[in-house]
Amino acid sequence: MCLAIPGRIIKKDTSTDGLTMAKVDFGGVIKDICIQWVDASPGDYVLAHAGVAITKVDENEALLTLQDFEKIGEYLDNMGKNEI
Amino acid sequence: MKYTQCSLPKSKYDRIILGHGGGGKLTQSLLSDLFFPAFANPFLNQQHDGAILPVHDGRLAYTTDSFVVDPLFFPGGNIGDLAINGTVNDLLCCGVIPHYLSAGFIIEEGLPFDILKKIISSMAKAAQEANVVIVTGDTKVVERGKCDKIFINTSGIGVVRPDTQISPLNAQPGDVIIVSGQIGAHGICILSTRDNLGFETTVKSDTASLVDIVENLLSGVPEVHVIRDPTRGGLSSTLNEIASTAHVSIELEEEQIPVSEAVCSACELLGLDPLYIANEGIMLFILPGKYAEEALQLIRNSPHGKNAAIIGRVIGDEKAELSMKTSFGRKRIIDMVSGEQLPRIC
Amino acid sequence: MKYDKVFRNPDKVRQLSMAINRVCKHSWHIMEICGGQTHALAKYKIEELLPDKIRMIHGPGCPVCVTPVGIIDMALSLARRENVILVSFGDMMRVPGSKDDLLTVRAEGGDIRMVYSPLDALTIAQNNPNKEVVFFAIGFETTAPIHALTIEESYRRKITNFSLLTSLFLVPPAIYSLMRDKDCQLDGILAAGHVCSITGIEEYKNLALSLKVPVAITGFEPFDLLYGIYKCVLLLENKQYIVENAYSRAVTFEGNVKARQLMRKYFSLTNVEWRGLGTLPLSGLCIRDKYEQYDAIKRFQLKTSHVKKERFCVSGEIMKGKMLPDTCIHFGKRCTPEHPLGAAMVSSEGVCSAFYRYKV
Amino acid sequence: MKYTQCSLPKSKYDRIILGHGGGGKLTQSLLSDLFFPAFANPFLNQQHDGAILPVHDGRLAYTTDSFVVDPLFFPGGNIGDLAINGTVNDLLCCGVIPHYLSAGFIIEEGLPFDILKKIISSMAKAAQEANVVIVTGDTKVVERGKCDKIFINTSGIGVVRPDTQISPLNAQPGDVIIVSGQIGAHGICILSTRDNLGFETTVKSDTASLVDIVENLLSGVPEVHVIRDPTRGGLSSTLNEIASTAHVSIELEEEQIPVSEAVCSACELLGLDPLYIANEGIMLFILPGKYAEEALQLIRNSPHGKNAAIIGRVIGDEKAELSMKTSFGRKRIIDMVSGEQLPRIC
Amino acid sequence: MKYDKVFRNPDKVRQLSMAINRVCKHSWHIMEICGGQTHALAKYKIEELLPDKIRMIHGPGCPVCVTPVGIIDMALSLARRENVILVSFGDMMRVPGSKDDLLTVRAEGGDIRMVYSPLDALTIAQNNPNKEVVFFAIGFETTAPIHALTIEESYRRKITNFSLLTSLFLVPPAIYSLMRDKDCQLDGILAAGHVCSITGIEEYKNLALSLKVPVAITGFEPFDLLYGIYKCVLLLENKQYIVENAYSRAVTFEGNVKARQLMRKYFSLTNVEWRGLGTLPLSGLCIRDKYEQYDAIKRFQLKTSHVKKERFCVSGEIMKGKMLPDTCIHFGKRCTPEHPLGAAMVSSEGVCSAFYRYKV
Amino acid sequence: MCLAIPGRIIKKDTSTDGLTMAKVDFGGVIKDICIQWVDASPGDYVLAHAGVAITKVDENEALLTLQDFEKIGEYLDNMGKNEI
């Protein structure tokens, strides 16, 4: 459920008094997305679901995940060495 | 003498009215002012119920397609060149040299003349590029609301090259699959214009006739088994059809299939799969593995073939199925889509 | 996004696969909650990368699949009305009610529109002031706040011809229900990352604790799925019944507070029927009485039609890990994506459909 | 084990939905369940992008027409046989033996399958009667409201009989004009169904392919100059066209033109002229006066030619106009109609 | 009808032609009032059967031709309104207003319907209760009572969305106007048989007397036309300024009393503009104030637009016998049935159109 | 103006309380015509204009016209004889 994909905010739309909208770039495809639930600025990544940004994508956390993965790799490498 | 007031003259209607399809003077003027000059050729000028065409002993290929695209004009083309290119490509798929086209127009009352003119001139241009002539035609006008601006049917005749046997039946184990370019552009381009699903994209329709590619290929490679244009239903439908017609299985390599980033992104946004998206300027070639690299070079050297790639191979397998090796080296069945592909929320 | 590609990197995926093989000592049934995850598992053939000891169970997290026949029949009956425009997500179009689907009703003349966002339905309502516009608002916690937003916006823009036919579900009650079945085979759970973006982590902590089941909050890319499974297996092997956030770039502890506030403002908890699972207490949302003019069921006084039970589908059993889709006697025979017998065959997210579409 | 409720199976859609035009499985099932069995022939069964057809040295005739008739079913026929007969007749007009037809369908979402089946089986029957095969086809489905139930385009190929030269250019002074039957039936039949102009009549559409007549005539008379089917715009448009193409004048005899009483009456009621009413099973023949009687007999001996009549002659006149001698012996110019003929109140 | 054929019998027609030749001693200009007669004269080439001494002048009796541009513009503006269905006779469709015609407006999206009978417009009104249905009610004395009947029926059936845009003319005022022009060349008149079926003969007696012009009431078949001309020539040669009923099978002395009563109930006399002739006093009909809800001009508060006088057509002169159509400098050049400059080229009843269509 | 053609009343329509309608046969073409202004029965001919019978066709008068025509013929014949 809940197809959501990450996109980069290009520009906030300040023209309307209602919803906070922004142009969001999804890998070359641009769509108007409601961003009023996230505290994000142009350049930030958001996860958009059904036309609304449900969360900001935390790039720092992404890096932490990848660092954790590297540790798994190292751990396995060591384990591998030990086993062989 | 007393002159009385009268109306302004109307030298011409600026829109199509029903009378333009009535078979009378207005129809004649449509033909002589617009169609005949645009498509001028000695066959069309016979002004007969049909065109009389010279042929020599041999085999003909004959095909037809109707074009109902909405919007009429889209980045990269319009319904006019689409209608020419689509039928030329279908002829090319038969391994023939395309020669003659027919054009049947169904026009909604009220279509602005300017629109029609643009479409007709695109058709004329596309026909010229593909080296085909429009030799016979027909125009019907229907009441407002009874068609969507304009529909075009083109049928086409080509002469089969001697010694070529191109047919979906010919796919055989050991053959490779070559695609002539990046897939999905036409379908995504059209989808981007939809009212409630639309988005901004730089993706342009790929509409083109691929005479260049097919000529280069056939003149250089002695054996080509199948040529197909993966239009409606995309790569998956076309290759599934070939697999089941020729009773072979086909295995694609996900990583080899050329797709532009923008097409990928649009597909992810709407939950669609590029393998199922329509193309209008892409060809699939199936030919013996031994000619693979040579063929690829010939295709890549053609103006429309720069992004060609070898994307898979035919295997001798009873199941007659289409599968794809994913980036993780796993095999996945690629089924034919059922009905239209629908955008997903989940 | 610069991290997109990373999370599909085949090398990393292979390494994670190896890691899981290493750490997994016992046999485990792990359920991915979300249909999107089911879809991705099938599309990338990720189950083939797992040790035989791990069996993935495909959970109930597809709103298209669990929306009951009775509500689909209501949508069909609304779509058949002259003065109604029914607006829906694309995936709902082919889901069979007791007799027809939306595609058929549209072919018969019903005005049915597909949209990408529920907000687009508001535009349709504004452009068609003489019509009643009903949005078929299906979803879980991810989508429900967006439906709430359409009510808020509809009020603000003074749109009076707009209402929602809701079919809204909550994940935790379904997990409780499945796990409490004494035959249930589930050991660990991959929570649905995008749901958790909204809900945060709190309620999953309680769930893990009370059901004694480890939970890994998991994303949707191949890397994410394997990373979540890896974390879950670690917890299982270590008998830790806690929540691990394996999708921390998109899920925070507190979740999306604003979205939840809006959801609570317009919706209240209610018992709902899940197609395939039956009625579960307080497992869904309905529009609060205060906003009943936005509730299509009340606005049009819709009644659940009597649904015949002539055909049966075992998707409920499949979700409990008791059966695999291809052991259903209808699978691939009377039940195919073209002519689905059960909901799980309908949506491409549905477990039977994913199984069928990406069959080896 | 607990079984949970689920929906009834839908073995088949009973209407056309968009997916039937999507190029996927539904399209395939439409082809294999309906079109292929109805039109079965080895060429169509190639299931290629086009059909490969054998031809011999010589000349081909090639024609196309779209059919948009409303109502789809009318006394005497339906859009299906109309689409076959129309194109067969256009081929006959080129003096050829009709061989191959293409069929392009544009279908409005929601068309009941039963309707489509009836149309398809009429097409199959008409094709069989005319001894032609439908060798290639195409189906598009458009959204509700974007077409009027169904449009059909047919194109056709025929092989020119050796030693025949049929062309509107060939009309020459001394020729006679023969019409193969009573005029105006098709147009009046369709008009009678119109909501606000309708009336009850026994008039049936004359839709028919006239292979019988043309074969009889061409096998018996050594010289036939022009064959034309006076469809849209009626006798007057067709003969005006011939006059201006061949730069000759044509003189009709009002009293010789066969028109049924009911067609006459309907025309008087609405202020229309039978000369401008569409026909779908009528042929005009222009041939040397010396063969007039012989030709008339050959035509009258054909099943569709019982009411044939010699209705006029070609005269060598610079004006290239169509005229008619009235019952009172006076000559009147018969102009081409401008646009659609409109019913009159005054 | 068993007498139909008789009145087209070529032998009889030839004999009448001979008879006219015999009785005609002097040169006469005879006007047929009715466009239908103009049409028949041209179609059957009847003028060729007359002695050179007789010249037929083609009168103003075509409502399509004499409806002024201003009213056509009103019809066009109504047809362009979203909520209006404009209903018209077929012949009105191609008549140019100051810029467009109904066919063009229909092509642009206007909802314009053709009917055979004004009564059919009532059915359209009933079937489209949410639309305003306006019937473009043109005509002379023959048609006007039928328009009155639609008002009567509309009232009886309680149809509230129906009104008429009227353009109604009376024959006698036009004859008076033409004949009183000092240059007028007319000697005798063929009165329009079908008009007289309604009006009866009375008012033509007065007209013949006061204008000193013989009148033959004439039908439309070739026999009828020649018989009327024969009678008219006899009167002319005998200087009898009276009315002769040469169409007695369809015209009685008192006419259609019921029809006239209805006409008087709903319409009153008014000054109207005739295209080609200008405004003539009390020469037409308008809806009585009492029934103004049926009057589209009042109902929609239509105003006559300012009509530019950039192009000129001499059809008025032609009707007075001063010119022949083909002496108009535009005839067949800038003015053709496809692109009519003047009204007389528009309707197939129009004098220029009949001249063009049946030209030798 | 006023295209009107003769047709024979086949059957009066008594089903409606409103207009008096009849099925009228115009040489094989049948149309519903309002006949409330004419005093006519099945078998009678009427002249119909725009869906309404504007008058009955008087067959006797038709015969009288033809008789008058015959007299013209005779008169001309005699005249002819005299002239030659």
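A, B, C, D, E and F label the chains in the order they appear, each numbered from 1.
Here is the rule we go by: contacts are C-beta pairs under 8 Å (C-beta built on N, C-alpha and C of every residue); 3 or more make two chains touch, one makes a residue touch a chain.
Fair warning: this is a prediction, and the values are worked out from it, not measured in the lab.
**Q** Spelling it out: a chain qualifies if it touches chain B and also touches chain E; which chains qualify?
**A** Intersection of chain B and chain E contact lists gives D.
**Q** Taking each chain's centre as the mean of its CA atoms, which one is most distant from chain A?
**A** Comparing chain centres, F lies farthest from chain A.
**Q** Out of every possible chain pairing, which has the most C-beta contacts?
**A** Ranked by contacting C-beta pairs, first place goes to B-D.
**Q** Taking the mean of the CA coordinates per chain, how far is chain B from chain F in Å?
**A** Here chain B and chain F have centroids separated by 62 Å.
**Q** Centroid from C-alpha atoms only, then distance chain A to chain C, rounded to Å. What do you get?
**A** Averaging C-alpha atoms per chain gives centres 21 Å apart.
**Q** Could you please state the distance in Å, as a whole number, between where the Cα atoms of chain C are centred and where those of chain F are centred?
**A** Using C-alpha averages as centres, the distance is 77 Å.
**Q** Would you give the residues of chain E that are in contact with at least 2 other chains, written as numbers and ranges?
**A** In chain E, the residues touching two or more other chains are 35-36, 62-63, 89, 103, 116, 120, 139, 143, 338, 349.
**Q** Quick check on chain B: which residues sit in contact with 2+ other chains?
**A** Answer for chain B, listing residues that touch two or more other chains: 17-19, 25-26, 269, 271, 338-339, 344-346.
**Q** Residues of chain F touching 2+ other chains?
**A** Only 1-3, 27, 31, 49-50 qualify.
**Q** Which pairs of chains touch one another in this structure?
**A** Chains touch in the following pairs: A-B, A-C, B-C, B-D, B-E, C-D, D-E, D-F, E-F.
**Q** In the complex, go through chain B and note every residue touching chain A.
**A** My answer: residues 192, 199-203, 260-262, 264-266, 268-269, 271, 344-346.
**Q** Along chain B, where are the residues that touch chain C in the complex?
**A** 196-197, 269-271, 326-333, 335, 338-339, 342-346
**Q** Over in the complex, which chain E residues touch chain F? Could you list them?
**A** Chain E residues touching chain F: 1, 3-4, 6, 12, 15-16, 18-19, 22, 34-36, 61-63, 89, 116-120, 139-140, 142-143, 145-146, 149, 153, 156-157, 192, 194-195, 197-198, 223, 227, 230, 246, 248-252, 256, 258-259, 349.
**Q** Okay, in this complex, where on chain C does chain D touch?
**A** Touching chain D from chain C are residues 69, 96-101, 103-104, 106-109, 275-278, 307-317, 322-323, 334-335, 338-343.
**Q** Under the stated contact criterion, what part of chain C meets chain B in this complex?
**A** So the residues of chain C in touch with chain B come to 8, 10, 13-14, 35-36, 42-46, 48-49, 62-64, 89-91, 93-94, 103, 113-116, 120, 123-124, 138-139, 143, 222, 336-338, 347-349, 356-360.
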